[in-house]
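So, here come the structures, one by one.
Shared between the two complexes below is subunit A, which has subunit B as its partner in the first and subunit C in the second.
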Partner chain A sequence: MSRRPYVREIPKFRWFFRQPRYLRYMARELSCLFIGAYALMMVWGSKQLADGPATWGAFLERLHSPSSIAFHVLALGFALYHTITWFNLTPKALPVQVGGEFVPDGVIVGAHYVGWGLLSLAVLYFAGAF
Partner chain B sequence: MARSNKPIVWGPFAAGGTLTAFLTPALILLTLLAALGHAPDLLAYERLHAVASHWLAKLVIVGIVFLSLWSAAHRLRITLYDLGMRADALVATVVYLIAVAGTLAAIVYLLRI
Partner chain C sequence: MSERVVELEVLRYNPETDSEPHFQRYSVSCEEEWVVLDALNKIKETIDPTLSYRWSCHMAVCGSCGMMVNGEPKLACKAFLRTFDGVIRVEPLAHFPIERDLVTVIDDFVMKLKRVKPYLIPKQDKPVSEGEYLQTPAELKKYKQYTLCINCMLCYAACPEYGLIPNYIGPAAIALAHRYNQDSRDGGRDERQEEIAATEGVWDCSFVGACSEVCPEHVDPAGAIQQVKIKSMVDWYKEHLMPWVKK
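For the complex of A and B:
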């Protein structure tokens, strides 16, 4: 007599709509599409810069298109979500022990946010954004 | 002890995840400002060309590109598995190849500056 083992059906593209935390997980994972696309845009930008002032000017001009603005807004949102989720996980990945005590999670996460804020300000200042 | 290539794949993922967490929002903000018509001075041709002419800047840009692409590739690979794509070896080969090819292209372009 043969028995058929029970195989639980997992829908391929719908399982993450079942629970808000699955959806948040998927939003975090999909941030990679925008971060990867932005890195590829940097590669493309390097080529445009190497090709001379006219090509670089055309590259900057194309940034003004509505689809480019939409991409940037979405990419910024997903990049911020990646930053927040990444920092909030660091105490789990890198617990810091001082003497016999573990440094509280909030201190580790907080230090990351402070460093992030300072670095972002430094980048914006170096770029002459303000 | 069983040998595994996991640390080699995972190391740049963790480094890239950390780097993009710290840096990518600010970078996106720079080109978003340009897209909205308030381009920061750095994006002017003469200034950016001068900055990118230095070997250290080239190295930094290549580092950012490689770590961003690699961590995105690794995360995409894991996510595609979660979405039911079980051909992991094929997916891994494709996404890591794209990351490496993008990095090599960045090196070629930057060396022309």
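For the complex of A and C:
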């Protein structure tokens, strides 16, 4: 009997269409592009602020354009998706064992949301929101 | 017991006569509570004795009957026919070469398992007369879940990284390495790190998480891999930024 194993090719670029879970993964990966773009915009914005009131005003003006608003809505959606999917994965990477038992997943995920909330409050506080 | 006719489309490949695999359709009368493996057995007994596939225990313990059922890696002995509508497509486990029909070549996985030394390497050898290596229930709990692996390779069939990067050591092998690393009686972590803290080890994983979703024993290999990443990163920082701290 002769052996002649058959190797099935994996499509190099279309593989993520084969399973919905692969698409969800790709969406999570894609989300970092929007977060990266938003971070770059913030850096650029700080530069405009440093350049004086006139450039800062022009920058704020540009943020009101329809394309800028569309970008912000998209970036917000992806940022939420990014945050929620990653937070949900944290118990896998950071299991906490107290005595004989593991802390329930919900507690670890919840702690991340609490941390997020506190940090956001701190940012708002230093920005003079209250 | 009610019976119904189930249609199965099975990927066939005969290395002696076929240049590539093709689907073959079987209609077989099955009982309501049967699993895909029962249907395959009935086909083999009553319709086509040439159909080849692996199986042994029929109770999700031996890990032999992993195959793609409607594109999803499953144990054929745990895939209930009543959970599928219409024609059921059965293919050999993805990402492994096909030996014949539903039988895959698993040498790659077996070699990788060997590389991670999935056995206890005691910290200090002691004579049998000194008794067992004792462990508390909490110490056992730390790695217990990873001992449940049945080497079924469903996680490899689900992992797109393994499909694209065949050298990647892969989920089950890393989960098993982690199982021994987490064991209070073991002292072999440095040897295993050589394999799993490398590029072809955990760093080829991008945390798709598919392995854990398909694992029939809830081993959660994806979790093990991320934990190994974190520990390896801590090792790196200790070595490069705090060389005076002993590991």
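The rule we apply is simple: the second predicted complex is superposed on the first by the 105 of 130 C-alpha atoms of A that agree within 3 Å, B and C clash if a C-alpha of one lies under 4 Å from a C-alpha of the other, contacts with A are read in each partner's own complex, and residues count from 1 in each chain.
To be clear about the criterion, a contact is a pair of C-beta atoms (placed from the backbone, for glycine too) under 8 Å apart; a residue touches a chain by one contact, two chains touch by 3 or more.
The shown structure was predicted, so the numbers you read here are calculated from the model rather than taken from an experiment.
In the superposed model, A:95 lies in contact with subunit C only, and not with subunit B. In the superposed model, A:21 lies in contact with subunit C only, and not with subunit B. By the touch criterion stated above, A:50 is placed in contact with subunit B alone, subunit C being left untouched. Using the contact criterion defined above for the overlaid structures, shared-chain residue A:12 touches subunit B and also reaches subunit C. By the touch criterion stated above, A:29 is placed in contact with subunit B and with subunit C alike. In the superposed model, A:3 lies in contact with subunit C only, and not with subunit B. Once chain A of one complex is fitted onto chain A of the other, the partner contacts of A:127 are limited to subunit B, with no touch recorded for subunit C.
Set against each other, subunit B and subunit C touch different numbers of residues in subunit A, with B touching more. Looking at subunit A, you'll find residues 10, 12, 29, 93 touch subunit B in one structure and subunit C in the other.
Residue ranges of subunit C in contact with subunit A, taken from their complex: 13, 15-16, 20-21, 71-72, 94-95, 97-99, 105, 137-138, 141-142, 160, 163-164, 206-210, 212-213, 220, 222-223, 226-227, 229-230. For subunit B in complex with subunit A, the touching residues are 14, 17-18, 20-37, 39-43, 45, 48-49, 52, 61, 64-65, 68-69, 71-73, 75-76, 78-79, 82-84, 102, 105-106, 109-110, 112-113. Residues of subunit A touching subunit B in their complex: 10, 12-13, 26, 29-33, 35-36, 38-43, 46-47, 49-50, 53, 56-57, 60, 63-64, 68-69, 72-73, 75-76, 79-80, 82-83, 86-87, 93, 112, 115-116, 119-120, 123-124, 126-129. Residues of subunit A that touch subunit C in their complex: 1-8, 10, 12, 15-16, 18-19, 21-22, 25, 29, 89, 91-95, 97, 99-102.
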